[in-house]
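When the chains are written out, they are named A, B, C and D in that same order, and each has its own residue count from 1.
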């Protein structure tokens, strides 16, 4: 399998802006995370198309990893299954090769650093650009390493790197992250792995308020712990949008991928 | 149960001499050991009578002990069974109460020191005298303790204490034992627990010769490892007699006590 | 009052060598040589070097802070559990193997109950390249599987004692029988301060390193070499003898000996020898002993395989008789609870034997400034299954 | 050449802190404080006192006479097997629990594979009265039953890691997740020189007591503080790091790191990370790592549960890359044979991990006057069943 595609996609600027454009829209954004290769190895493209058709604003495509230490049991189980199904970095790229022929919403790849590092960060970014990927979320790529070693590469290939903040992140660090962020900040609702709580409490509300009061230049999208209309509404009261992962995975693992629109309808009401 | 019998036997001197008389006889002596209370609790008297009638010269009656550390597996097993059958010091004395009404050959009690110590050495010796016991073999009563603490008591009740010697016993110690012995010396054929060998080898023959050459005043009776006519003959070539224990116990445990004379016949040919 | 052995091998009226003639040469050879050999500078040097580099001595004297807080007194644990092979037993086997070598023996036998002494013996035999045969009751073999495995790993031959009650006392009988059968080339390494003289004294001397260390270690910690109490469990009595040794004549130091009460002293299932026993002879020694009226030795019971011996060393009989030591008894349940408590307060899993000593802390009260040294005779790894089953963990 | 860590948390190109933002505050708090805390005289005092009185240090440096004779060279065993809980792991957990207390944490988590680190962690938590949660792969729980029992006795909660391959690496993932979920009150005690900076350095410093002691102990034995070789097994690499530490820059001292080859380096069932691994990121650290072409971490295999980790600490990756240490691999069979040999020559049952280091003696030849120090990282009691099954004893 080729490491990158032969034909280079040229709408460089347009792609750069898919996230930024989306963020300019005057609405709360719903972003959905799913693990590539789950439930079936070939579901990737259908899921993406389905999500767009259901009214989702942005998609995070998870590149499965054997040791996803920031993920909760649901997402980890989906990764394990996806790997068993045969998902690889190359296969995912192959599946996504023509995705931009049918899908227009921003697509973000989310994956742990080691598979990307093994692929080669440069080659990885270039292929992302070729495909029309808009951004990357690499939870275990530290900010300092990114800034020193990979920022130029990301920018060279028009990729937005999305940083995370948590309730424990200091104001100072948040300001720094804000200053280097291009698209949105992934605002982890609680210091917690994915899928580990239901509903937001007092602590979260205070945290949401605190971040909102900081008046960051970069919009925030809340992730972790969002599973239904109620939590979506709470999360987006102060933030620009919210990401649903575990709840979505649970849904498709129970109901299959043909009922995706039912799930999205329930969130958006 | 009374600790001693009311009627005191008066033939003091006669009893004193049963062992010494026997030893004066111009023949090789066959002595048999058995465990009191084995195979059946009430076999004691029958076995003794049977042995005398079969031509045995002397009998060692084993008072069973829970931890007979100088005995081999056969004798230990018979002791364990005898204790299970309910044998006790008092019961044995009760069984032997009238033994001198039917039996004339020397009777020696063989037992470990603890049960005798618990009974009270003085009371024990007195009861032995009352019954008509001629001697005691107490393997774990050390010579110095005997000499210092119990010699007077033994003598007071007309009991001969029988000492053991082994191939490892020094000449000096043998001379000492000879000097304090009254009846016979129990000459252990090899440094070995009972029942642990078959036939005598070069080492034993040399040992027999050595002791014979020492020309002790006390006659020796060989024990341990005698099981048939051949070993009896070998053992008594230099010594005055021999004691059979394990082989006899094996016989009665297999064939019962009614065939005792067959066993003895085979030994004496 | 003298609490040590006299020249004839007795502690008061207890001790001596009540052995069959077949054992006389072996025991006599040892009796005539043991003090002389132990005094040789070469012997001392080798013994001390091995204790240091091989056993890991000095074993720490550890101030148990949380335990002390709980009982509102000062508790020091003498950490014999940290010795190589996990108990105090190795102090003695190191000494005896060196003794055996100097006496020209090249075959070693031993008895074992819990297996600790068997392992300690197999260990020193491997260390010296000597043949090793360990007698162990058939029943103990079944309930002390890990230690049986360790002995085999170490190259020892483990022979099941099939006679009698098939436990420690029978294993001891078998070992003695073996020695009778092999009087020339074999040394019998007895595992406690029991058996005929000179064993109790020899073993006590080898174990006396424990109290020697306590003296200077306590000096370091408390600027005194005298504790107020020394507490130790007593099976045969060797760890207690070692812990008491240098304090025997110093009657300011109170000695507490802890016996296993099993299901209760009067339950019929007990190993509290001093309470239940009478003077008698076992394994060559005159001592206190559990027996029937008739003088048959009875099989004791304790959840701890290292404490269910029907006798006790003659030194301890003397300490009991004279009142020099206070004898206490601790039930299975009390010991297990105390063992678990040590795990959770101090992070130390004690041998169930040692847990008996710990249980005294609950039974007796001490002054807040009292200094208590408790002999933690061994580690509890061998007892895990018993603990787990007992507490249904 | 510098073989130690640089100020940015790297050994050469290896190390760093590749962690999700959720872990950043925890790790950063530790990074900012660990050197400061370790330097405090009060910390040093408490640490050293516990190492002495609780752990039983110094662990002996034992001249293995019969082993040396067999291999015709001078072999010293550094006896970490004699430490409380039976391995070097406790050096680190004592250090980290004191660190955790000073950072105000009152809940402790840990991962464990063989269970040694879990036991060492449960132990220090009991000692300090802190809550303890240990993550352990479901498969390891089944095959290391005695250590699971020990942790429970010590009051720790053992949580099975059900994800992934259900072994050590997954237990590590679960522990990291727990830390993410409990960022304020919890300290994560990592058990080897792995994980994000500052863990590799902090753990190496706590373990460096090993080489510090080797220096003066060797001086006592051989009138030099410099051995010719230091041999240690490498799972994550903490016992090796500790044994090398004070010799890292002294290139006269040759370092040998021994990895588990499992059924053979090329059998597909191996844990020889340096040979089979490539640079990558695992558990927050850039290091050598066994992985698929695609960057998925593979499950290694070794008969020894303490060595089947797919990575290796960044210090060791650097020692490998620079050639400062010689890396050797030893198969299951070779290790088991070497382990049994030590039992029978020296009376020491080694952990199977440590037996890997011992197997080097058969593979490599040494000068008769070479001084070899071999890190005997742990005792083999936990491995008895494996030994017994392997040799059908």
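Basically, contacts are C-beta pairs under 8 Å (C-beta built on N, C-alpha and C of every residue); 3 or more make two chains touch, one makes a residue touch a chain.
What you are looking at is a predicted structure, and each value in this text was computed from that prediction instead of being measured.
Peer 1: Where the contacts of chain B and chain C overlap, which chains show up?
Peer 2: none
Peer 1: Please flag the chain sitting at the greatest distance from chain A, going by CA centroids.
Peer 2: Looking at centroid distances, B is the chain farthest away.
Peer 1: So how far apart, in whole Å, are chain A and chain C when each is placed at the average of its C-alpha atoms?
Peer 2: It comes to 67 Å between the two C-alpha centres.
Peer 1: Take the average of all CA coordinates in chain A, do the same for chain B, and state the distance between these two points in whole angstrom.
Peer 2: Distance between chain centres: 97 Å.
Peer 1: At what distance in angstrom does the C-alpha mean of chain D lie from that of chain A?
Peer 2: Those two chain centres are 37 Å apart.
Peer 1: Can you tell me, using the touch rule above, whether these chains form a line, ring, star, complete graph or other shape?
Peer 2: line
Peer 1: Going by the touch definition at the top, which pairs of chains touch each other?
Peer 2: Taking the chains two at a time, the touching pairs are A-D, B-C, C-D.
Peer 1: Enumerate the contact residues on chain D facing chain A in the complex.
Peer 2: Where chain D meets chain A, its residues are 16-22, 24-26, 163-164, 169-170, 172-173, 176-177, 180-181, 183-184, 278-284, 289, 291, 293-298.
Peer 1: List the residues on chain D that touch chain C in their complex, please.
Peer 2: 52-54, 56, 59-63, 66, 79, 81-84, 86, 122-127, 129, 146, 149-150, 152-155, 340, 343-349, 380-381, 384-385, 387-388, 393
Peer 1: Enumerate the contact residues on chain B facing chain C in the complex.
Peer 2: Going by the criterion above, the answer is residues 65-70, 72-73, 76-77, 80, 83, 88-90, 112-119, 139-142, 145, 163-166, 168-170, 173, 188, 191-193, 196.
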